Amino acid sequence: MTMRVLAQSRGFSLWPESASTSAEDVDLVYLALLGLTLFFVVLIGAMALGFGVKYRAGAKSFRDHPIRKTLPIELTWIVAPLVMTLVIFVWGASVFVDLGTPPADARSIYVVGKQWMWKVQHPGGRQEINELHVPTAESIKLVLTSQDVIHSFYVPAFRIKRDALPNQYTSLWFRATRPGVYHLFCAEYCGTDHARMRGSVVVMTPTDYQQWLAEEVTERRSDGATRGRDEEKESGPDSATSRRIDVSTSPSAFVEFGCAACHQSNTTDAGPNLAGLFGRTVRLADGRVVVADEEFLRRSILEPNHAIPSGYGNSSSMPTYAGQINDDQMAELVEFIKSLETNGEGATQPDWPATTP
Amino acid sequence: MADTPLAHQFDDVAQQREAAGLGMWTFLATEVLFFGGLFTVYTVYRVKDSAAFVEACHELYMWLGAINTVVLLTSSWTMALGVHAAQHGERRRAVSFLVRTAVLGLVFLLIKGTEYSLDIRERLVPGPGFRAEWTVDPTHAQLFFVLYFVMTGLHAVHMLAGIGVVSAMAFMVWKSRSSTHHANALEMAGLYWHFVDIVWIFLFPLLYLVA
Amino acid sequence: MTEHTASTRTYRNVAMTLFVLLAGTVIVAKLQLGTLAPVIALSIAAAKAVLVAMFFMHLYYGSRLTRVFAAAGLFWLLILLGLTLGDFLSRS
Amino acid sequence: MTTLDTLTVAAPSYLASRWSLRSWLLTLDHKRIAILYLVSITGFFFIGGAAAVLMRLELATPESDVVQSAVYNRLFTIHGTVMVWFFLIPSIPAVLGNFLVPLMIGARDLAFPRLNLLSWYLFMAGGVLAIGSIVAGGVDTGWTFYTPFSTTYANSAVIPMVAGIFISGFSSILTGMNFVVTVHTMRAPGMTWFRLPLFIWAMYATSLIFVLATPVLAITLALIGIERIWGVGVFDPALGGDPLLFQHLFWFYSHPAVYIMVLPAMGIVSELIPCFARNPIFGYRFIAYSSLAIAILGFLVWGHHMFVAGQSLYASMVFSILSFLVAIPSGVKVFNWIVTLRNGTIQYKTPMLYALGFIGLFTVGGLTGLYLASLAVDLHVHDTYFVIAHFHYIMVGGAVMAYLGGIHFWWPKMTGRMYPEAWGVFSAVLLFFGFNLTFFPQFLLGYLGMVRRVAEYPPEFQVLNVLSSAGASILGVAYLVPLVYLTASLIRLPSAERNPWKATGLEWETSSPPTEFNFVQAPVVTSPPYAYPPLGAIAEPPATGVQEASSG
């Protein structure tokens, strides 16, 4: 339905719409490159045309211009383009680093690609298919994965793209600036209906977005949603208040898989305390030092042995959850662990030894 | 080596010999990158999934690998002596060393075959029948064995080709009137044989000694 | 025409050194040196490979061009291995 | 005919020496093998071209109406695989390289004629398997064979296609080996490295890539086969593998492969420009060294295909800066070619038009490569039509233009016949316009966000797509015209002189077409290449015989 609206609202154009802060950054680098291109095309074209006409066979031109020394000329057209390209490199790289580093306060949304659709899971469990609703003026971090082959999440109006890989989390972030409905494409060829793996990103004003959220919640409640209401209330973006892991407020997956048995802050040291883990740099038993990001949490759930915290022996007593947990539950668990802030006890427990105090 | 036949495109024997040598080394460079792709795959997974690889490596018969290394190193020695003999006109000696080289190559394959059959018996062949009991992680243990079989298998194919070439050379040197007639070709065959030996020199520690 | 001038005695010495190195690598493996073990094992392998290439394959007596060709394959392998591994090691 | 000297009258040309089919299929003559390649890659070119025509037809409308997605996906896979491995990669090296390398350096043949013939048979065996996979239902993976799609999910004839490319890879390796060794060991007396024609430098650099990159592709494709046949994991993440590792290995070959296509093209242009400008080439050593620089730097940039694929940020930075650097030696070549025109006496013959067309289109193609090297912009244009446009400017605007220029330039030498000049000029101009109309709109489409490999697209992209399809129909005609008149020239047109362009270079010192062993008398070189006399000397051929060439 939105696709049709989208199709009608767009006419012929030579410049893509821009609807995010990243779009402006990328466009600037693009324009600089366009300027560089024009400069060289005009320079080379003018030289070729000038020489081509002047020295054409039959033209009575003076052809005995002295041959200048080669080396200075060669060095000119080696060094000058080199400097220009290096400037562009540094610029492009700095924009790329910005676009690769989500702000700490970014709202996380989980996106799963599968042949041939995008499944979106908002914090709190709300789901969409081939649509993504986001508010303006808020940093949104998309955590991507795939159920089958490689897909690529691409929103031209935001000038961003990231591959969604099976068995791995990747991420991208953006900050939408203009309300509207924008194309969402799969950019990585993924099989028969790759061309139809299209959707739309709906950017709304914060007020509209709040309204939309409310609608969704009402709909879900009237549908008789299976998940507890506490969780919806609790796991919103502002809900990350200091607290212990309380089974009554944790998502169903946390209960279903029995995580609490070992990972509750007040139990024995069977497993490390998860509070405040996310985003920290932790030291592992084999001496490696890693940042506990979404991918780290995901992999630790599926392959507990790949990273054992220092102080917990050499092999994990935790079983693998590979094959038992689906992408939705995984997103739920990861989001839940992220929402746990340090609860005071973490400081005294050497569970996840930080590298820096 | 005045009696080396000269192909029409060359001016003299020296040029032909230089071309053959360079050609062989170019070929070996491509072989380095052919195996190099596999070494890269192995190294990346070794670094990523080290615990599983260490556990899987313990299942290999290190002593069989070590014995096989001795066999191959010896065969390289006899090959070098065979080439040396041919270049110095000692035809019978050359043939005898070539035969020894080929036999050592066969011994290597025999030991390798024995090892494969032990691996099969212990359900270490990747696929549906792969052993399930691993403490670290069966998926990556299986990945180790995929690479083990592909790398040693590709090496074994090269060994087979080498044995064929060395046997053929032995036959030709035996039949020819002058041993130096084939010295150039024999030197090329030797380069190939030693290269296959070098591949094993790296495969042995990578696969058997990663622990 | 000049011949490769390795003598049979050189070959014997090289072969003996190779056997000693092999024994060394097996012993080191049995010592359980942890993270250092692969480094030592591969260094010994590299030493063995150099011996085989230099003497059995006559690189030591060969022209500079031949040595460049022999090194080229290795150099490009290092490019492949280095840049690929660089990616995997620098992932956060 | 009057210029044929007594020496060549004595020996028949390589074409006329024997006539039987057997004498062609078992030939060891590098020139005949070149002709075998010429005929076979022309066939492959039109197979790949037919797929492209159907694709452009389908893309004239936003819906999938001409073909369904499943068919379209097979079409672009055929187009990609056939054009890359069975046309572009062998095109200049295996046809013009095979024909010219021994002639240009003054040798009787390549160092290993048997391997040369074997390489053609391997190429054909690979080609038959690839075509077989199309007959067996086609392949829908794209030419990149990304895992886990190609290993686990694709339900098509991946195995024969991969096997075909694997086998034809060895044909590349053998050709590369042959050229490297030939250039090192078989140069005529006096043919020092810095007297080599720049085409030889380019072929040497190309051969390095053949020899050092192709084996990695071979083993990677073999691993795909193993994974697919036995269902064990190498790259499949579900089985513990990493799909990015596949991409690393694939692009370690496939990015340098782009330079396999464009370096020989640059070599041809370096021959054509001085000849038709009647001027010694400017900056010979810089053009020669830049070929090597491109070949080596070209190996260090493959990661720019993986900026958005999940590669580490640091690796991406390194690959980005190296990708910028590889543009510099290409720029050096372009500037040197342009300055070669200065003081010249330029004749706008067909080969020269192709060469100038190459410079223009390659410049655009090269500069748009910077957009993809730039991390920020690549984030947006990666996997869009911007990429398609960019690499077609390099591979079609660059490599194919130069290939056709070379074919026209050396046609008299290869066949002993002249082509019709008016038709040649017509098709070169038509090609240039058709090409730009086809591919320039795709830059715009790419920046607008149209992704590649889709049979359907949002309707607002239609205008530009229709322009592109219209251009493609012109382009198609522009390819058919030379096919017709070049074939016709074999029967109808007058015989060529030994040196119709009054060009320098040893290949012009022998008869057209050459005798079986190229030179009746071994040439001796005593002067640098491209010794085109300055103004006024155009009426006189710079050299009329082997002996005079060696002294002048």
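Every chain is named by a letter (A, B, C and D) in the order it is written, and numbering of its residues begins at 1.
By definition in this document, a contact is a pair of C-beta atoms (placed from the backbone, for glycine too) under 8 Å apart; a residue touches a chain by one contact, two chains touch by 3 or more.
What you are looking at is a predicted structure, and each value in this text was computed from that prediction instead of being measured.
In this view the innermost chain, defined by its CA centroid being closest to the centroid of all protein CA atoms, is D.
Of the two chain pairs examined here, A-D and C-D, the one linked by more C-beta pairs in contact is A-D. Work out the mean CA point of subunit A and of subunit D, and you get 38 Å between them.
With centres defined as mean CA coordinates, subunit C is found 44 Å away from subunit A. For the pair subunit C and subunit D, the distance between mean C-alpha positions equals 37 Å. One finds 46 Å separating the Cα centroids of subunit A and subunit B.
Shared interface positions of subunit B, defined as residues touching 2 or more other chains, are 22, 26, 29-31, 33, 36-37, 40, 44, 48-49, 137, 139. Annotation for subunit C: residues touching 2 or more other chains are 65, 72-73, 76, 80, 84, 88, 92. Shared interface positions of subunit A, i.e. residues touching 2 or more other chains, are not present.
For subunit A in complex with subunit D, the residues that touch the partner chain are 6-7, 10-16, 25-26, 29-30, 33, 36-37, 40-41, 44-45, 47-48, 51-52, 55-57, 63-65, 67, 70, 73-74, 77-78, 81-82, 85-86, 88-89, 91-93, 95-97, 99-100, 115, 148-150, 152, 154, 156-157, 159-163, 165-168, 170, 183, 185-196, 198. On the side of subunit B, the complex with subunit C involves touching residues 1, 13-14, 17, 21-22, 25-26, 28-33, 36-37, 39-40, 43-44, 47-48, 62, 66, 69-70, 73-74, 76-77, 79-81, 84, 87, 187, 190-191, 194-195, 197-198, 201-202, 204-206, 208-211. On the subunit B side of its complex with subunit D, the touching residues are 7-11, 15, 18-19, 22-23, 26-27, 29-31, 33-38, 40-41, 44-45, 48-49, 126-127, 137, 139-140, 142-143, 146-147, 150. Across the complex, subunit A is touched by residues 49-52, 135-137, 139 of subunit B.
Contact residues of subunit C toward subunit B in the complex are 1, 3-4, 6, 8, 11-12, 14-15, 18-19, 22, 25-26, 29, 32, 37-38, 41-42, 44-45, 48-49, 52-53, 55-58, 62, 65-66, 69-70, 72-74, 76-77, 80-81, 84-85, 88-89.
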